[in-house]
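Going by the order they are written in, the chains are A, B and C; count residues from 1 in each one.
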């Protein structure tokens, strides 16, 4: 069992779980968690290939992605928290219906 | 060729300085004195050109480069002056006549509110004309050629409040542009085929152009000359140009500017000569225009329009001379005509000025308004008579000699000879009619008007008398001019002389018969043929046709500008843009607003894209 | 670091202007910045002429991944366009000095100047395109926020039209990079490299078309001109000056800098079509101008006509025609800029722009009449003023390439007289209309006259002494024509 297979398997699993969270869960916090899982799946592959090719650019990109993901989570949770203050229950995606055509 | 003398620089520097001083200083500070620097500049130019003429008679000629104008790869144009016998002789006439008319204008425009502006425009023309005559290449000549066109536009439209003046100014500029397009194409073709437009390079090496190319270039140059020098079919602007003040009509639309085309043809003679069949064609157009103009002049009543058509006719004669007999007859007639036609126009100006009160301020007069003016305006009468006999070609006055040379050249071809003689007859016919109706006969202007005709002040009749004397005595210029141009003039045979004198005399006789000197009412023959009069009034339909052509272009413009732009392009682009909101409306109805749906769509899209990319590679 | 200043100075000053404590301070700061840019750009002539070679004053950062690199350089054509941009920016700011505009207005002009400079300076396609689209943003706000009457519609039409054009261009530029990769195996966005090896292959004609269409929208070439009349008409006076004077030049510059050198063979093959469209623009623009009743719309259509001369000059692929096109860009900027300024002054006084609203202004406002006639004559190509030289050279280039088309294009001169002079007559000579009786319509103020005199100097100067400018663009033009 070589390292590449492990990396791909882990990434695929993480990505699938993340996608499922995003598509199936209605709780907004869970959806954000799903997105984070997908980002991490991509990061695992980036880091793996960067190490294998000994290319520091790849590590830099992974760091950049981590930073961006962290920033995104901060903004996302802040928004969700502000919704929670209004309604006092776990915010769900069905509460956000302004885009309904 | 010797380097440029100081006098040559005066030719351009003096008018420029006067214009700048007039525009920035006197026009703002003391507008009534704008004429002073300008008259000084005219005097300087006249003195300089006469000094140059003296030198030229001694066999000198000058040329020199001032600076490089355009330089881009194959197009190299230098700004320079060329003072050869041709330019110096025409320049002297322009300077002297121009100086006298500037003086006259001081009197004529004295009471105009825009006195200062008039002199600035007028001198702008003078400057451009001097520049035109002294240019040493075609493109520089074109610059000044457009410059005189601009001055013409400004001066024809000088009385801006008149709709007719505005229309005439525009018509003049537009018609001239139609001609100028040909001129410009000729210049560009010269660049393409020879790589130069300098006269010296072009004419010293005639083999630069094949005869076929010379024909194309020559024809386009002639097309340009047709507009500026009012040849058929582009003469239509000249009669209307009489809307300008009379000194303008005299200087620009009779004596100098309109002869620029003839000058251009004279300049291009070595080139035209190489084009087979072009010179006879030019002569034919000239002869036809000469007769056409004479017919127009005979039937008109407005005294300035009579003279305008007469100018068309005589420009035709010059062109005929140019095409038929070489440079000399054309240039000689150009110079003689400059004197007597300027005098005639200024006489017309005096008549308008004298009748001012009875005309009620109208800027022009008809022959019906005048009549019997010889007693009240003796000096003007004398000057007009001198000019008229000169124009009609009564021996030994100036016009007689120049017309002889033109006819001598034309007599090789029967058709040209017949048209030439017809013009000789027509000239004395219309000018005789005008002379008789205006100055002889009864005073129609007293009837119903309390006002009295009066002679013009000396500042207005002295220049006129000098000009008409110049025209009358211009016969003496033939020999020196021929020497200057280095040609042996082709004298007319006795038959030609006899025929032309006979035509002239017949013309005067007919004029006496046609001019019904009884005051009031139309002569019987005029009222009997209303259709003929109408036809002549519209130049046999040619003027209305040109108007319709211009109207068709304007109609096309309205079609494109209003209908195509406004009803097709604008709605078209806006409808296309509006399709996007409409599409989003349709798609929007599908959206339920559940975040997970959007996430699903996005994921599906990304997956689809990934599959597509992996299929491609 | 010489060239960076040209775009960085206005770009960095723009936020300061926005944040300035008062409107007056904002104006003053904008004035100072644009004057500094103009003086600096003129000073650059010294270092420029001290160097050898076609592209000079190279300035580049480290080569980045995928051939992305910060790289600036100028040749004669781009340097002269930088002068034009700097000059017109200063003129626009001075000319609308007395308008009570918010800080953002002045900041937008500086941002626009910076973006235009970037387009003319960048030698890397990526950066070129960034600045290309960045220029749309300030202009969108200038039209949409501070325009007249129908400004929102005009602004959206402008941004949609030119943005779609920009996307087409982006597609084409990426295609060009891909073609270059296919041919050489190297990824590069460097314009000098992309244009060194000529692109070919089955996809080349499509890439050529996409780039040509993208630039043609900006020029604009008939039939892609529809955004222009509305945008020019509704923009504030200074906005029209920048739009017509400097922004349209982006398209022509792009054709000269990228399209023609990258596809010399295709450009030569496209001559009948491209020059035909150029001639169509000349005639169509002039005819439409004849029919207009609104002064600004009229001038807008004359722009279509004048830019047609640039197109025929470029696609003639002769040194004369290309020189003419380079000169015509500057000339059009000066004379059309001047006309828009004059109409702006008139609108400021009377709040009217219709030809029939005015009349008789020659009596009440003689300086107005003088300058209008002067600039209009330069615009309709009176020899001795600047417009003529560029048009004649472009026409000569076209004559060398295709005489029948040249004959057709020369009719533009007749039509120019047919729209130029009547508009002058209607406004200044005809009987006074409703708007010219207003007591507000007075002659030019000292400041306005000063602005117009500074325009008059290059108008006469380039008319009689175009040689220095022609010499400046000659090397660039020669190398282009030889390809």
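Criterion: contacts are C-beta pairs under 8 Å (C-beta built on N, C-alpha and C of every residue); 3 or more make two chains touch, one makes a residue touch a chain.
These numbers come from a predicted model, not from an experiment.
S.K.: Where the centre means the average of the CA atoms, what chain is farthest from chain B?
M.R.: A
S.K.: Taking all protein C-alpha atoms shown, work out their mean, then name the chain whose own C-alpha mean is nearest to it.
M.R.: So the chain sitting closest to the middle is C.
S.K.: So the centre of each chain is just the mean of its C-alpha atoms; given that, what is the distance between chain A and chain B in Å?
M.R.: For chain A versus chain B, the centre distance works out to 84 Å.
S.K.: Which whole number of Å gives the spacing of the CA centres of chain A and chain C?
M.R.: Each chain reduced to its C-alpha mean, chain A and chain C end up 48 Å apart.
S.K.: Go ahead and note the Å separation of the Cα centroids belonging to chain B and chain C.
M.R.: 37
S.K.: Listing for chain C: what residues touch at least two other chains?
M.R.: None at all.
S.K.: Any chance you could list the residues of chain A touching two or more other chains?
M.R.: Not one residue of chain A touches more than one other chain, so the list is empty.
S.K.: Two or more other chains touching the same residue: where does that happen in chain B?
M.R.: none
S.K.: Which stretch or stretches of chain B touch chain A in the complex?
M.R.: 587-596, 598-600, 603
S.K.: Quick one: in the complex, what on chain A touches chain B?
M.R.: These residues of chain A touch chain B: 19, 22-26, 28, 31, 93-94, 96-101.
S.K.: What part of chain C is in contact with chain B in the complex they form?
M.R.: Residues 156-157, 160-161, 223, 226-227, 229-230, 284, 287-292, 301, 318-320, 323-324, 360, 362, 377, 382-384, 388-389, 392-393, 395-396, 399-400, 406-407, 410-411, 413-418, 421-422, 425, 428-431, 464-467, 470-471, 474, 477-478, 481.
S.K.: In the complex formed with chain C, which residues of chain B make contact?
M.R.: Residues in contact with chain C: 67-75, 79, 139, 142-143, 146-147, 150, 153, 157, 160-161, 163, 166, 169-170, 173-174, 177-178, 180-181, 184-185, 188-189, 191-192, 553-554, 556-558, 560-562, 565, 569-570, 572-574, 577.
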